[in-house]
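Take a look at the structures below.
After this come two complexes, each holding chain A, first together with chain B and then together with chain C.
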Partner chain A sequence: MQTTKNPLLQVRDLKIGATITPPGGRPQDIEIVHGVSFDLQKGRVLGLIGESGAGKSTIGLSAMAYGRGGVKITGGQVWVNGRDILQTSGSDLRALRGGEVTYVSQSAAASFNPAKKIMDQVVEAAVRQGKFTRSAAEKRAVELFEKLGLPDPQNIGNRYPHQVSGGQLQRCMTALALCPEPDLVVFDEPTTALDVTTQIDVLMAIKEAIRDTGVAAIYITHDLAVVAQVSDDIMVLKMGDMVEYGTTEQIITAPREDYTKALVSVRSIDHQEKPAEGTPLLRVEGISARYKGTNFDVLKNVNVELRPGQTLAVVGESGSGKSTLARVITGLLPARQGRLSFDGRVLSPDLPARSREDLRELQMIYQMADVAMNPRQTVGTIIGRPLEFYFGMKGDEKRRRIKELLEEIEMGDGFIDRYPAELSGGQKQRVCIARALAAKPKLIICDEVTSALDPLVADGILKLLLNLQKVEDVAYLFITHDLATVRAIADSIAVMYKGEVVRYGTKSDVLAPPFDDYTDLLLSSVPEMRMGWLEDVIANRKMESAGH
Partner chain B sequence: MIRNIPLAAMVGLVFTGFYFAMAILAPWIAPYGMAEIVGDVWEPSSPEHWLGTDNIGRDLLTRMIYGGRTTIFIATVATLISFCTGAIFGFWAAVAGGWVDQLFSRFVDLVMSIPSLILALVILSVMPVTVPVLVLVMGFLDSTRVFRLSRAVAVDITVMDYVEAAKLRGEGYRWVIFREILPNALSPLVAEMGLRFIFMVLFISTLSFLGLGIQPPEADWGGIVKENADGINYGIGAALYPAVAIATLAISVNLVADWVLTRTTSLKGGR
Partner chain C sequence: MSPVLKLIAQRVALGLLLLFMVSVLIFIGTLILPGDVAQSILGQSATPEALANLRRDLGLNDPPVQRYFAWLGGVLQGDLGTALTSGQDIASVMWARLENTLFLAFWAAVISVPLAIFLGLLAVRYRDRWPDKLISGVTLASISVPEFLIAYVLMFFIGVKLRWLNPTAIGFRPDADVLSKLEAIALPVAVLTLVVLAHMMRMTRAAILNVMQSAYIETAELKGLSLFSVIWRHAFPNSIAPVVNVVMLNLAYLVVGVVVIEVVFVYPGMGQYLVDHVSKRDVPVVQACGLIFAAVYIGLNLIADIVSIVSNPRLRHPK
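Our next item is the complex of A and B:
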């Protein structure tokens, strides 16, 4: 955080506001960032961290004097290379955006134009800004592709965005941002949408590219462990206010504010695994499944068991078939082969053929709580419907039970008449949990229930689930890609890769060496909350591959 | 409540309310009998006949009031029929999928491939032209459009997790269609309803103008245009009154529909 005379980026007392129009009401002005200041020197990386709604993306975009949606910068100064960009406009601003300052967004897949080749899009800004001729820009792009570790750097630019993988596309976007030789790059959650095993490569590529090209960068993320790997300084934000601002080392090792401490120590739930005894509640035997109209199995001979009151975590990256397993167990996708048994009886593979009792005892909680609840129903209706449907409860009895359930999920009964739009993300997920609990199930399938939540909120949900398991003696089939979550909640673990269970057993067995190759890769890819972790992992991997 | 109504919606409400009130109160407020001949042919407006008289000397204001009653009543009932059938079958097709969807959708394609006015003329030329027959023919022909829209809307909603959750709970079609899908499909349907109502007004007016709609001496706006169309040659504006009435009704109903639309898009249950 040393200050020299001429920092590249100087932000002074930045205030950002937005105009919101509540339905049926008059437009209101609200302030979402309340006066934030910081400096960024050439070649340094500043990490902006905070939960959703903290204003981190908004602050990042202000370095380009841009407000997304109805957002506008209402006060303060943003100096880039010695001029206040909030006072410039028109052609000056256009020269700045995509020239001096560039941007890497969270979802490369949504940001690339699917109808144009990657190369055309990567060089576009550089050529348009007059920094390079087309051929020079292409040469630079190929160099960047090579530096970012993309396969076949000479020709990858001739492909269309859908012809490369998500991780590769994210690296292409980094190349796009670096191509015009900017002074500053804003990275907005560039690895959040990626699998851990892919994230590590992209992270390393970004880090090396920043180092080699000497640009300054703002790195926005909600994952402190990730930002610790790439940034020199970290600013912690909460609700549009700066909470703490310091060097990465100080924030990670000696956080001063309580909020930062909470962020650093998140995911430290200690869960003692229960012994694997008793007859299994759910038995999945030799299940294979494929989607209609395809000719390959997305699940191949899957065998797992789950005991009453315990948690089986199914881990894997996207496309490994873990959500498909949930669909097979719920009956949404009838299995092609194999047998499901539940509580000692055979479970029909097809949903319509299942008895109401089977349906009641097997409930599901979804990843995206906002779309898992009907926006037109109140919390009372959402939780009350299973009570009415399975137990025929009505009137006062039903209302009393709904209130009990709301107590159980640690929300007061004041929420009973609210609509989902009036709840926060964590509260929505809690209501979904209550809806599942209302059916008094023996098994709840949790499909990535914490992935869409901020770390502290996710922590609360996990603690709630663990408590409920003790009280209600319900079993969880917990689908996740996040190994920290697995450590916190699982009794047994199944690691899935390309439709197969590659490793299965109790938590202590699965997480102890010797590992198979895939589990090793998965475990070593989970970011750790310390500096230098990224380099260590990459160095280890290089050594191993050299040894082979 | 009143204070929150925007100006455009207020204008729409006033005009729509005015026309509907006229329609309902017709027998009490009309100055003369509906088919009573009270003066000369095409008299200009005077204190006795505010809008003048028509092609055979009936009071035009009276004809307009009774005509509005017929037109609005038929358009309303036909719109309701069209929405009930179209929306229910559309949602059903979306939720059930498979061959049910194919059957309904292809049948609707078949009906839609024939211009609806031509089809209506063919059907009405072989059927007795009474009000119930008119309403049913117009309602069912129009329900194909509503089917298309509601199916398209519902297909997007059926893939939402909350519908899947309802299916996993074991809910039947009734709950899924009326409690999960309908409330969320209401906004586009209401917007479409305003438009469809106006198309119905135009449809019945067109039919009457062609002589296959409301039969004389009953009045309706399309019929009044037809009866007085010749007057335009002599500089008599009698045919323009129903035209103005149709236009203002069309605009005001849609202003109201727009306003309802913004209210229903509120996710806090302001429907």
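Our next item is the complex of A and C:
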């Protein structure tokens, strides 16, 4: 955090406001960033970290004098290269955006125009700003594609966004940001949407591109382990206030504030794995399945078992078939081959053929709690529905039971008449858990239930699920891509890759060497909260591939 | 076969099937109309023998299915039959009429489509500010007033009071040169433009505003592009499909729905031809007109579908 006379970016007492419309209320102005100040020198990388709602993206975009949606910068100064950009407008402001400061968003898939070729979009800012001629810009783009490790750098620009993978598109977005030779790049969660094994390569590509071009960067993420790999300094934000600001080493090794300490030590759950005894509750035997109109199996001969009151974690990357397995078990996608048995009886592969008892004993919780609830129903109606449907409860009896369930999920009965829009993300997921519990199930399938939540909130949900398991003796089939979650909750683990279970056993067996190649890759790709981890992993992999 | 060709082939086949079904409907519709064609040709004083003879000559005693296929067979060979009232060959008269209608529709489209899209872009550029409200207000007003009223108002002021143009399209003759033809249709074209403008402009505005919510629009804004070039270069290419759909519906209206305008301005197009022969109960002419209108309608919507398919890069460039 050494200071020189002329920093590239100087932010002074930045205040940002937004206009929000609460459900059923009038629009009102609120302040979401309350006076943040920092400096960024040329060629340095500043990590902005915090949970959702902390104001990280909003602060990052203020370096381009841009407010997303109803967001407005209401006070303070932002100096870029010695001029206050909040006072500029028109062509000066446009020269700043896409010229001096560029942006890499979380979802490159959504941020590329689907109707235009990648090359046209990558060079557009550089050409329009008059920094390069079209042919010079294309030459630079190809160099960047090569530097970022994209396949076929000469021709990839001629493709449309939907023709390349998510990880490749994220690299293209980085090329787009670097093409006009900016002084500063704002990276807004650039690897969050990627699989963990893809993330590591993209992260390395971004890090090397920053180093080689000497550009300064603001790196925004909620994942402290990721930001530790790329940034020189870190600013921790919470609810629009700066909590702590220091070098990466200081924040990681010696955090001063309690909030930072909580972020560093998140995943405090210590779960003792239960012995694999007793008759299995769920048996999946030789299941193969495919989607209608396709001619390949998305599940290939899957065999797993789950014992009552235990947790089987199904872990894998996107496209590995883990959610399809959940669809097959619930009967939404009838299996092509194989047998499902549940509590000693054979489950019909097809949902309509299942008894009401089958339906009741097998419940599901989804990743996106807000779309899994009817926005026009109150919490009471949502939780009460399975009570009516399975147990025929009415009136006071039903209301009493709803209150009990709300107690169980650690939300008082004051929530009974609220609507989903009035709840936070964590509270919504808790209501979904209560709805599943209301049916008194023997098995709950949890499909990425903590993936959309902030780490601390997710931690709370996992603790709740573990407590409920003790009290209700319910089994979980826990689908996730996050290995830290697996460690926290599983009794046994199935690792899936391209529709097959590549490794299966108790948690201690699966997570102990010797590993198969894929599990090794997966485990070693999970970012660790120490500086230099990224370089170590990449160096290890290079050595291994040289050894082979 | 590439998915685009497959989809297009499907649409064309569907269009043909639809046209066939419409021809059945038109035929059934004219069958169940009250009244007797032979009676209406020969008049009230005809003798029963004469009526019977004429019915036999016209083939009215044959079963309907046979008559339908005889008619369809003729249509497929370009023979639309002869008009009962004048004895003329319908095809030759109607092609000339259709040409006139298409001439009018073409010029109305040439003016209204680019104008509507431009105004739509402008409304997005100045969203919720006075240019947007002015454009919306004026176009809404013009679509709300009945078209014959606009026609008479323009006719009165421009044609009668100011004497800038001929109030009717009487000056339109097949042998006239293009300039005098254009002068003759200036007023009808103006009215048609006012009628179809609002619909297309509002759809353009809505489709682009919908696209403006996308993350890639933010990317474009953060590249420092001006708002108009964001709209034109990034938003518009992604709103082509809905815009083309509504443009084609309006083009179809320009061909099929101009009856009122043609009658008001005394323009020798299809609409006037149809109205004349409906009042005379000339069934073969009505059938022929109905079929042509249906073909135009289906054809234009088919084009809209094909443009939507082709404008989708996922279909044009599969993985």
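Observations
Note that in this section the second predicted complex is superposed on the first by the 542 of 548 C-alpha atoms of A that agree within 3 Å, B and C clash if a C-alpha of one lies under 4 Å from a C-alpha of the other, contacts with A are read in each partner's own complex, and residues count from 1 in each chain.
Just so we're on the same page, contacts are C-beta pairs under 8 Å (C-beta built on N, C-alpha and C of every residue); 3 or more make two chains touch, one makes a residue touch a chain.
Everything quoted here is computed from the prediction, not taken from an experiment.
Within the superposed three-chain model, A:103 lies in touch with chain C and out of touch with chain B [touch as defined at top]. By the touch criterion stated above, A:420 is placed in contact with chain B alone, chain C being left untouched.
By the touch criterion defined above, A:112 lies against chain C but remains apart from chain B after alignment on the C-alpha atoms of chain A. Shared-chain residue A:375: touches chain B; no touch with chain C. Legend: residue contacts after superposition of the two complexes on their common chain; A:400 is shown touching neither chain B nor chain C. In the overlay built on the shared chain, the residue A:389 is in contact with chain B alone; chain C does not reach it.
Residues 64, 66, 68, 93-99, 102-103, 105, 107, 110-116, 121, 124-125, 128-129, 159-160, 162-163, 176 of chain A touch chain C in their complex. On the chain A side of its complex with chain B, the touching residues are 23-25, 330-332, 351, 354, 356, 359, 363-364, 366, 368, 371-378, 385-386, 389, 419-422, 435, 439. Of all residues in chain B, only 4, 160-162, 164-165, 167-171, 179-180, 183-184, 262-263, 265-271 touch chain A in the complex they form. Every residue of chain C that touches chain A in the complex is listed here, in rising order: 214-216, 218-226, 229, 234, 237-238, 311, 313-314, 317, 319.
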